[in-house]
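Two complexes, one shared chain (subunit A), two partners (subunit B, subunit C).
Entry: the complex of A and B
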């Protein structure tokens, strides 16, 4: 009996030596996605990432809600970095509707974004640690995250999904005594970060395992269109906060972290070093922030955008997030397209994993700073 | 927090207890007692010391310590007691359970956590019991295409091999289950079983993850068995015996770790690899191959594997103590048994109870056990420590370490031992003995 296959499909012939592994979605080392990995012994022959397991149609949902109603659900793709994923939306809508943001609100937004970046990177680092079998590096960042979660809870009232940034400023003013508390906790956190260096980054076994694995050269990193920490770990000095500064980033004192190696170790280290810069930004912003004033420009009820389109992008914990918003004289946006860093970093995964050992898979995979939920949107 | 069931009523609970007692008494007096008397009517009771041994007399004798203590003491020197209770399974399982609890609290302290807290009120001391009950109550799921007999056999074989390993460890002078003259060779033979069990169960489970995990376990254990054997040859050369008890006796003055530190380090690293502990936990690498060769085990089958793992951990730590840290040797710190109790007895009011069978254990045995336990716990803590500090290594790194570096170090260790022997420092007729 011969089976007629549909046109365009053919039966794959596989070498006996090759074993196909379905890593995920029900796998402790995959996240909400599937990697179809073919291994020859301990070596990976090919890797085929299969995202889309948690696609929720955020972009389509945004077309049925007005500009204010869009806020809470647009932060869902990355609840650990919710301020940063809302940031370009707010910037874009402000440009569409022609809203001026008060100076104090700009600083508060930057502080919220940097606190959230630290929360995200700590969460990412915790998973990076447990992926490499380092359980202490899972527990420490997961515990220290509480410092920033508490701060953002004091600011916005919610622990994870803040919905704090709104078009026109921030939702509410800072609580009293926030500056001293924030400064104290950030300074304590900087001390803790130095301990991470000793227990994790200078660990000889970690270095032996990640240095020289999954090397992404500078030209490949640009050609594949990677972004964020992956790009900077390959030696490209690109940070949206520096190159296209938004809000008050141009007034603040920080550096872009760049490493030349382009291996898993550099990709794991760049976000860690960026946390120091985030702390610097927070401290600097607290110093330069106007001590009083309005924090939100009130919008008209049910505001309508003109026949216009806008594209704004910011730097998040995982790279540049861009929002392309089209409006057509209606209270709802005509189209909201979200371009996220996770998805663009995922593209280089097949290139990096080909020829690697299976044991390097978690380090390379999670080193890409990939957040499956964000990539699926 | 533990809460009592919301519908709980104390009066009903006590009432149900009385109900239960009533029914037990009723059934016992209507069914149990007649059966007992019918049986007693037909069997012929023995005559001991010119007295008819009725059940009532037997009970009276059991309350008399001068008659029961010798029986208990004799029982303690039987093989079955040694296998089940003291140097064997019971003792090892108790230490293993303590190890699991200490590991969890110890790791939690490193990681700035609390660890088990609620179960058992005092620092979660009953957490392990709760986990054990949970594992027992869980369903055992067997993959449809598994090779069922071998899959069932795997955990039992694992615990059996670990128990065999435990039985070879001498705890105190004369207190060892099996004391063959080739004890160390027997240890090597038992260790050789573990990779076979891992590969068999991995193959029988018929899953890709178990298959990769089993092959990893095989590679790792075979790569580390050779440095393990070689690192212990130095001790054999110096002590001149393969019998573990003799090896302990030969360390009465000096521990072998003082002369063979390289061998001890190599042996310690191979222990970590053989036990599949961090940083060598590749066969169970979670983020790569789910749970390795344990992926398909569930319920008490997994519990048995865990029990076997911790028995193995105790046995390896004990072997380290026996070979390098002088086993039961140590200064006499256990107080001698007070002679008054034997000669005068204990007087409580008008009654004087005499205990002719005491002491149950002699002083040397208790002292030896104390030192052995202290040293073993120390070694176990050292084995647990890397889990809080190190990430996992890769399979090529582990094989490179095993086949090149550790074997080279083990050979250096053998040459040191031979040098000490031929220079006349140690060994038969040496300067130090």
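Entry: the complex of A and C
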């Protein structure tokens, strides 16, 4: 970097052999972000991710609104997983304000979070499928996703942006006969999910493009601070739901999915297997949930946090989401920092793409479970 | 601050704006006693915002905090020890040594987040590293917050003013992009970082770092 130029600008020397490609920000394979890729023939020499095209300043906006007003806009970074991105915020605010959550609300929150995780993973899987040229794998998850959207619509009234979790519990109670309906749809989905295995995961074309490509070793996964399915695909047994259980996860029966290979195939498979675990959690939570009771602790009008700070995290579809909230005796938080899985996994991109074939770029890229809007916040 | 107490949080919390100089007619017409009675009838709790009850200090976290404070003595300050959370503050000159100790002796191995917090009143910016561990089974629940304060200049010139601190990228590789974000949003230059460029902001951004408190959102 030359000193005369402002930060972020640099002058490149031109090499005839190396070609620079801008993948994105409009390219359908990149999402709303740009990858500045240098290729030597068909092989990637270097990759410089350039996110920020959907940076909306969520953290800054949060400093201007009180704890309740922050709910709807904080779920905007990832509307497919809106319950999970609100979850740590609610936990953090509850810790700051000293709010107890009713038992039934805790179970409903877990059910909403797991339904939302399935919605996210199915959406991600649909895009993963279409980018690898597998149209069936776009149609199936996109269709099955409606099952869960319908359930969350029945719970919250909205299809995607639910704003269902609030500090103190959930916004409203479950509709009548929800348990029965949820159980029926989840059981159907478990059967349906097994069909994905044959059509997608045992497909030789998928295996040829993903097996052995973009290998991330266990040591590097830890060193780079990756999270979520990327970390677990590299053989690290770490899931916030198990390691630091929040709400009622410690009472529920599920396993952490860990694969040792660390390649694109493992990264594509871990979220798929986690959907089975999500279904298990939902069924178990429906069984153990108190059948009646309050679902929301009433807050005081315009609650204020003390001179305090809190860091809470949960496991989302893309890895751990941590909220660092600083309060200073005001109804608005002084500072909100959202540390999201997509942003943390971004660091792998230059690392994994180096030396990879350009044609493998979409498989490696989407295997990172990267959601650009969430990473930019 | 009297406007907040008269509002019904259940009905209006998502639509009403909070403002200190309230023009709310309801707050003028209702005295504080009436409001209290009104909310008691509705079953709303009007006790102090944060209940003051001392929590017992957990022993495992205390042992970690003792370990680091016995090693560095008055070079660092232990801000709090809670269940699963420890926070220490150190001077920026010592931060690399402290971070190396945390990595090698306490076995934290990655950074979860790097946050900046702007304190214009004391002319300081705080940089906080939230560290976690994947390898040590006992530390799975723990987050170690390592904070340092850097001087803040009223007219920032990111990269060439006194707002700078040593980078922890050589100690924790995973802070690389987090520090780049902190640089562009707060103007904190991390010395020794190999690639201190902007990440999210556009290249031609010509205003002050946007997450500082003196950068105001339009219309607010």
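The criterion applied here is as follows: the second predicted complex is superposed on the first by the 366 of 377 C-alpha atoms of A that agree within 3 Å, B and C clash if a C-alpha of one lies under 4 Å from a C-alpha of the other, contacts with A are read in each partner's own complex, and residues count from 1 in each chain.
One rule holds in what follows: a contact is a pair of C-beta atoms (placed from the backbone, for glycine too) under 8 Å apart; a residue touches a chain by one contact, two chains touch by 3 or more.
Because the structure is a prediction, the values reported are computed rather than measured.
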Practice task
In the superposition on subunit A, see if there is space for subunit B and subunit C together, and answer fit or clash.
Solution key: fit
Exercise for the section: For A:66, decide between first (touching subunit B), second (touching subunit C), both and neither. Expected result: second
Practice task
Could you say whether A:255 touches subunit B, subunit C, both of them, or neither, answering first, second, both or neither?
Solution key: neither
Exercise for the section: Of the two partners subunit B and subunit C, indicate the one touching more residues belonging to subunit A. Expected result: C
Practice task
Scan A:358 for contacts with subunit B and subunit C and give back first, second, both or neither.
Solution key: first
Practice task
Check whether A:133 is in contact with subunit B, with subunit C, with both or with neither, and answer first, second, both or neither.
Solution key: first
Practice task
May I ask you to decide whether A:209 touches subunit B, subunit C, both, or neither, giving the answer as first, second, both or neither?
Solution key: first
Exercise for the section: Kindly classify A:52 by the partners it touches after superposition: subunit B alone (first), subunit C alone (second), both, or neither? Expected result: second
Exercise for the section: Identify the partner contact of A:376: answer first if only subunit B is touched, second if only subunit C is, both if each is, neither if none is. Expected result: second
Exercise for the section: Please indicate which partner A:343 is in contact with in the superposed arrangement: first for subunit B, second for subunit C, both, or neither. Expected result: second
Exercise for the section: Considering only C-alpha atoms, give the closest distance between subunit B and subunit C in the superposition, rounded to the nearest Å. Expected result: 23
Problem - Complex contact set, residues of subunit B against subunit A - result: 107, 110-113, 208, 212, 278-279, 281-282, 285-290, 387-397
Completion exercise
The subunit A residues in contact with subunit C across the complex are 1, 6-10, 50-52, 55, 57, 59-61, 64-66, 68-69, 71-72, 96-98, 163, 222-226, 231, 236, 238, 243-244, 298-306, 308-309, 311, 313, 320, 322, 324, 326, 331-332, 334-335, 337, 339, 343-344, 346-347, 376
Exercise for the section: Name, in rising order, each residue of subunit C that touches subunit A in their complex. Expected result: 3-10, 13-14, 17-18, 39, 43-47, 49-51, 84-85, 87, 109-113, 115, 117-118, 128, 130, 134-135, 140-141, 143, 145, 158-159, 172-178, 181, 183-184, 196-205, 210-211, 215, 217, 220
Problem - Complex contacts: residues of subunit A adjacent to subunit B - result: 19, 21, 27-29, 42, 129-140, 143, 199-200, 203, 205-206, 208-209, 357-362
